[in-house]
Amino acid sequence: MKRYLLTAIGIGITGAYLFPLYWMYATALKDDAEIVQYPPTLVPQRPFWNVGEVFFGRHMPSYLWNSLVVAVGVTALVIVLGTGCAYVLGRARGRWVDALLFFVLMMQVLPSSLVVTPLFVGFNLAGLLGTPRLAVILAQTAKALPFYVVICRASFAGVPRDLEEAALVDGHSRLAAFFHIAVPLARNGILVAAVLVFLQSFGEYVFARSMISDDGLQTATVGLSAFLGPNTSDWHGIMTYSAIYVTPILIIFVLLQRRIVAGLTAGAIK
Amino acid sequence: MKISGQTSRPGRIAVSALPDPTASTMRLSVFDTFRDGRGLDALLVLLTLVYLIVFGLAPILYTVLMSLQQVDMFTLGDFSRPFVGFANYVDVLTRPEAGMVARHTLVFVALSVACQLVLGFALALFFQQDFPGAGIMRGLFLAAWIMPGLVVGGIWRWMLAGDNGVVNSLLAVTHLHPTKIFWMSDPATSLYAVTIANIWLGIPFNMLLLSVGLAAIPKDLYEAAQLDGAGPVERFRSITLPMMRATLGALVSLSVIFTLQQFDLFAGMTQGGPSNSSNVAQFWSWQLSFQTYDIAGGSTIAVLMIAVVIGVATLYVRSTRHEQIG
Amino acid sequence: MMKTTALAAVALLGVCGSSLRAEPLTLDFWSVDQDGQYAYGMAKAYEAAHPDIKVNVRRVQFPDMVNDLARAAMTGNVPDISYVDNPDVALLASRGALSDLTGMIAADKTIDMESFYPGPRGAASVNGKVYAVPRGANTLALFYNADMFKAHGLDPDHPPQTWDEFYAAAKTLTDPAKNVYGLAFSAANSEEGTFQFLPWVQMAGGNYDHINTPGAVEALQFWQKLIDEKVASPDTLVRGQYDSTGTFNAGNAAMVVSGPWELPRMSRDAKFDWRVALLPVKTAGGPRASALGEGTNVIPTKAKHPKEAFAMISFMNARMPTVWNDFGFLPASKVDVPDPKWPAAYKVFATALEDAKVRGPSPDWVKISKPIQTAVQAALTHQTDAKTALDTAQAQIDRVLKK
Amino acid sequence: MQITLDGLQKHYGTYHALKSIDLAVPAGQFVALVGPSGCGKSTLLRTIAGLEAISAGTLRIAGEDVTRRPPRQRDVAMVFQSYALYPHMTVAENMGYALKLRRLNRTDIARRTQVAAATLGLEALLGRYPRELSGGQRQRVAMGRAIVRDPKVFLFDEPLSNLDAALRVHMRGELRDLHDRLAATSVYVTHDQIEAMTMADHVVVMRAGRIEQQGRPLDLYDRPASRFVAGFIGSPAMNILPGTVDPSGRAARLDGAEGPLLSLPMLLEPGRPVLLGLRPEHLRLSQEGGARFDGVVDHIESTGSTTFVKLKVASQAMVMTLARRLDVTLGDPMQIGFDPADLHIFDRESEASLVTQRDAPPRAGRA
């Protein structure tokens, strides 16, 4: 009986926590008059839903595609660059590892809004602004890489060293043992870190905003910011756009959550 | 580098019946170093390191450089800029809002990190219990984490609106606070409005990491403590907290860094106002750079922030020493 | 008739000029407009008149425009034409980001700088050289809900004329039970805050460079009173003009200080009898003032097609009489607007424009504007009193102006 | 020689883990490395495997210098203390993995896996994952993974330490049988001297990065070269008590108040400080004759077959084991006797044996 009481309390807490999410959907379904009504109606009285108008009127397919390109690019690059480093840092111990970890963390210090200026200057010199989505991928990778390394590092630390040594004795080179033993055994942690990097990058705003000038290559968050400008507080539009933007991620996340939570609770992060 | 034909790969020597006189002094070839030796470690680390130096460290160094120069939006691409020494630091630190911004940053970070930690810990402990749906609900909490900051800022600005926000309405209906609170336009509350949104945003991450840490504590420790007569509070104090030390250290450091990076919420909710009452270092830096085009001033604040974060990172690295390698 | 001919001549000129080229030419046009607004409308019209030219309009967020132009100047990837807000022209021109148009305008028969109102003209030129062509103008006036006036026993035909009347009316119209404020305006922590505040200072005897005169202090104290007595929402400090006007349209405010750009939305959303009046003056017979808004069209220094760009600017200037009806802002020059929409409102705004003063011009405008916003917000939230707040601002402004 | 170590050294930064190790293991021999934790025995094993780089010296396996070769080029198999079974592979995959890496074809792998599984009685478990096995089964799989390869050398790193006592005793025998059947060369690390004594042909006792003594198990038992080896080999440990050579040179007196006189099997210079060693199992009750001294019963334990008596002799503690029951109570005086030939004598300073000088084993360590 106590267990069901806990479930009830749990539902209450979860409901309260997710209220902002609900409010996003509720506002998306209200018309302009109902939105400004006070006291606000908790349930939309005259629900209407203009997904189509916002979706196509705001060029969302193109924006979402670009966001996807950026997010996939960043995730791939981060995995390629960061997995090995996370492995080494998870295995080794000592002063230089501390120093490295410190350095890696330091690279995450500044908000994107502050690093974007020097990066812009550098990318301009390197001619990277001609391929703006690549420029955003490179910049965002630098931002996500430290986070990925820190998260993945712990899951590699959780793979018993013996297993790799057994693989060495069995005939693997260290490189092969890394790929065939360490990586598969740390895959839950890698998966989770990669998903988080993907989501972070999908929602990236500052770099895309500054480096992409062609609207056809622009990402979804920047598209959303057009609603949030000083002269356009179209709450219905903002919330509809947000809902369209968030819902697919939410569905994927709910479908994958068991796996993600399992990956994390299996000792992915320490 | 070319591997000469004579330096045959070690594997081949196996066929030869005669011992190779040079074998004992033979070194690993360059190729094998990367496959088998420390070279592999070096290579893997360098991959990340070089990338971070080029795309992470270089911009930071450039920021430091700019903080020592006279530079604005228009001289960004021009490298022959006059050096002004620490004039920018003097200028920034003597501005009337400097002290206020520093205080707000401290309050924002301390309050955010503390509340995220306490609420995250409470939720982690709650969902740690075995009841139907605990796993799914914990998963749903994480859903909030995936929301872009911009969207979250928009939603909270809308919910906390003074005249027709739903939060004021709920407070009135529940008689908790019958009069309207102008969350974002009252200097007494504006910083807290952003802090509330930030706490909301940070709870899932805290809860998740703490859940993981809790799951790693062996059950028999609790059982032993129970046999010793320790009550729930005592068990939490004497087992949970010490066992979570590494997790807590890592979590606090990461939270501080994430909180210092929080920019979207300020942009979306208060713009640092009214009259800087919710302005924090990272937003102020951005304002100087992009609203008044004073890149030097913005860079100076950024450099000061780095100095603070170095301290935090040291804390994190220390905390990882408590971990054990499996 | 004359204008049509001129228009045709310009069109013809453009065709001749560009028909020498084999391939169609693309002009990049940056603007803060949304679909259907000025830049898009003009682009469509220009493309129709010049089939060999394609105009590629890119939308830039209003607060980002100067940053984007500065960055573009750095990368060399500048547009051919760009919108620039009035007070920013001086900054961009002083940093060499804008082409000097003086010569081209002198050679061109259709643009006469003397025809512009003094405000827009002042904004477009720096040190006697012309860097921009005003594309239109707007200014502030008082919108009021005539239905509410009647309901509260006020005469909708006699809107408040002085600050005292204004305050009294706002007080009467405020009805917390119905969630109605007497007034809405914007004291936001942005250029909009400065834009809305300066006219009140100017009416009381002060300006951006004399922001701590007794009159300016009185103006700020007047604003304080409006917020303190909840005649206007405390959220005035975080709302832009668009949001403030939104509360008026929704019936949550009985009056709003705003500009002509709101007319299309208001006529769609406001389901009541709304009218427009000049801003009240401090005391009867006192000086009038209003803000000068809207912006200019410029050609960045490194533009690839400055000649073609100027031809298009000239084309747009020639269509000045249409901007009121098509885009909801006032002509920047003394032209006749045939058959204006919302004629009553047009008359009020056209009158207000005569007293509209440009902000600045100063290449450091943002560094002048920022302390003013901060001072206004500090006083409205009673972190300091009005006098101290403005003194602080004055000190910072002096530092900038002396440089 | 199947394995030859010449002057092998291992440094970890400033820490000198292995100090010039010389060792030769003939083909087919079962060598045990024993010593307390931190003595370098595991490090030595790992350098043979190639898991630790060798700082100086040479290592030959089957005559070939493999000092600088990675593990995969040494043809050694290793059984880890934790078993190190790949959790993402079935038992069959675990066992066949090394063969797969050698590009053997699938039928060969299956055949050899099958044979190895049959040897160890694992046929029924081939499809399972390691997490579905008991500790003993995992241990067998780890062994199977080694034998399936038919390597030049088997390396064991405390493979039985995670098993319960009964299973450990059983596996000891089984492992040794397996070694003989495969005619393998094995190096076996353990901290348990009983395992070393019962299984190995040749025991190497290590201490602080050096070989203290090596030889056949019973040689080490009978003629420990030092106090350290004497104390390490044998259970319960040898009683080692400080004493001084009597003026006669033919006996020594235990230090302490009125310590008894023990006759020596040889002549030593009078007054020399020595350590006297007597194994508990070599002590007996006095009426049986020979050298004797007095003690007081301090503590007594019996397993039924064996009785452990803890005595106080001249304020020093001593243990005696007897293969029969004893009816005494605490505080009873007792006369203890021993055969002088069983007395071990060590120099107090160097702790080196003074007895084994007569007939030291052929390859003593450098201690």
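Note that the chains take the letters A, B, C and D in the order they are written out, and that residue 1 is the start of every chain.
Here, a contact is a pair of C-beta atoms (placed from the backbone, for glycine too) under 8 Å apart; a residue touches a chain by one contact, two chains touch by 3 or more.
Per UniProt, the chains are A = Carbohydrate ABC transporter permease; C = Sugar ABC transporter substrate-binding protein; D = Sn-glycerol-3-phosphate ABC transporter ATP-binding protein UgpC.
Values in this document were obtained by computation on a predicted structure and should not be read as measured data.
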**Item:** Intersection of the contact lists for subunit B and subunit C
**Value:** A
**Item:** Highest-count interface - the chain pair sharing the most C-beta contacts
**Value:** A-B
**Fill in**
Relative to subunit B, the most remote chain by C-alpha centroid is chain D
**Prompt:** How big is the gap, in whole Å, between where the Cα atoms of subunit A centre and where those of subunit C centre?
**Reply:** 39
**Message:** Centroid from C-alpha atoms only, then distance subunit A to subunit B, rounded to Å. What do you get?
**Reply:** 14
**Item:** Separation of subunit A from subunit D, taking each centre as the mean of its C-alpha atoms, in whole Å
**Value:** 56
**Fill in**
CA centroids of subunit C and subunit D: separation to the nearest Å works out as 93
**Prompt:** Which positions in subunit D touch two or more other chains at once?
**Reply:** 70
**Request:** Mind pulling the residue numbers of subunit A that touch at least two other chains?
**Result:** 36, 38, 120-121, 124, 160, 173-174, 225
**Prompt:** Of all the residues in subunit C, which ones touch at least 2 other chains?
**Reply:** 63-64, 71, 74-75, 179, 188, 190, 247, 252
**Complete:** Note: in the complex, subunit A contacts subunit C through residues 32-33, 36, 38, 120-121, 124, 129, 209-210, 213-215, 225-226, 229-233
**Prompt:** Which residues of subunit B touch subunit C in their complex?
**Reply:** 73-74, 76-77, 96-97, 161-164, 182, 184-187, 270-277, 290-294
**Touching residues on subunit D, where the partner in the complex is subunit A** = 46, 49-51, 70-72, 76-78, 80-88, 97-98, 101-102, 145, 149, 155
**Fill in**
The answer for subunit C against subunit B in the complex is residues 63-64, 66-67, 70-71, 73-75, 91, 95-97, 179, 181, 188-190, 233-238, 247, 252, 366-367, 370, 373-378, 380-381, 383, 392
**Request:** Provide the residue numbers of subunit B that touch subunit A in the complex, in ascending order.
**Result:** 34-37, 40-41, 43-45, 47-49, 51-52, 55-60, 62-63, 66, 76-77, 123, 126-127, 129-152, 154-156, 158-159, 163-166, 169, 172-173, 200, 203, 208-209, 211-213, 215-216, 246-247, 250, 253-254, 257, 260-264, 268, 282, 285-286, 289, 295, 298-299, 302, 305-306, 309-310, 313-314, 316-317, 320-321, 323, 325-326
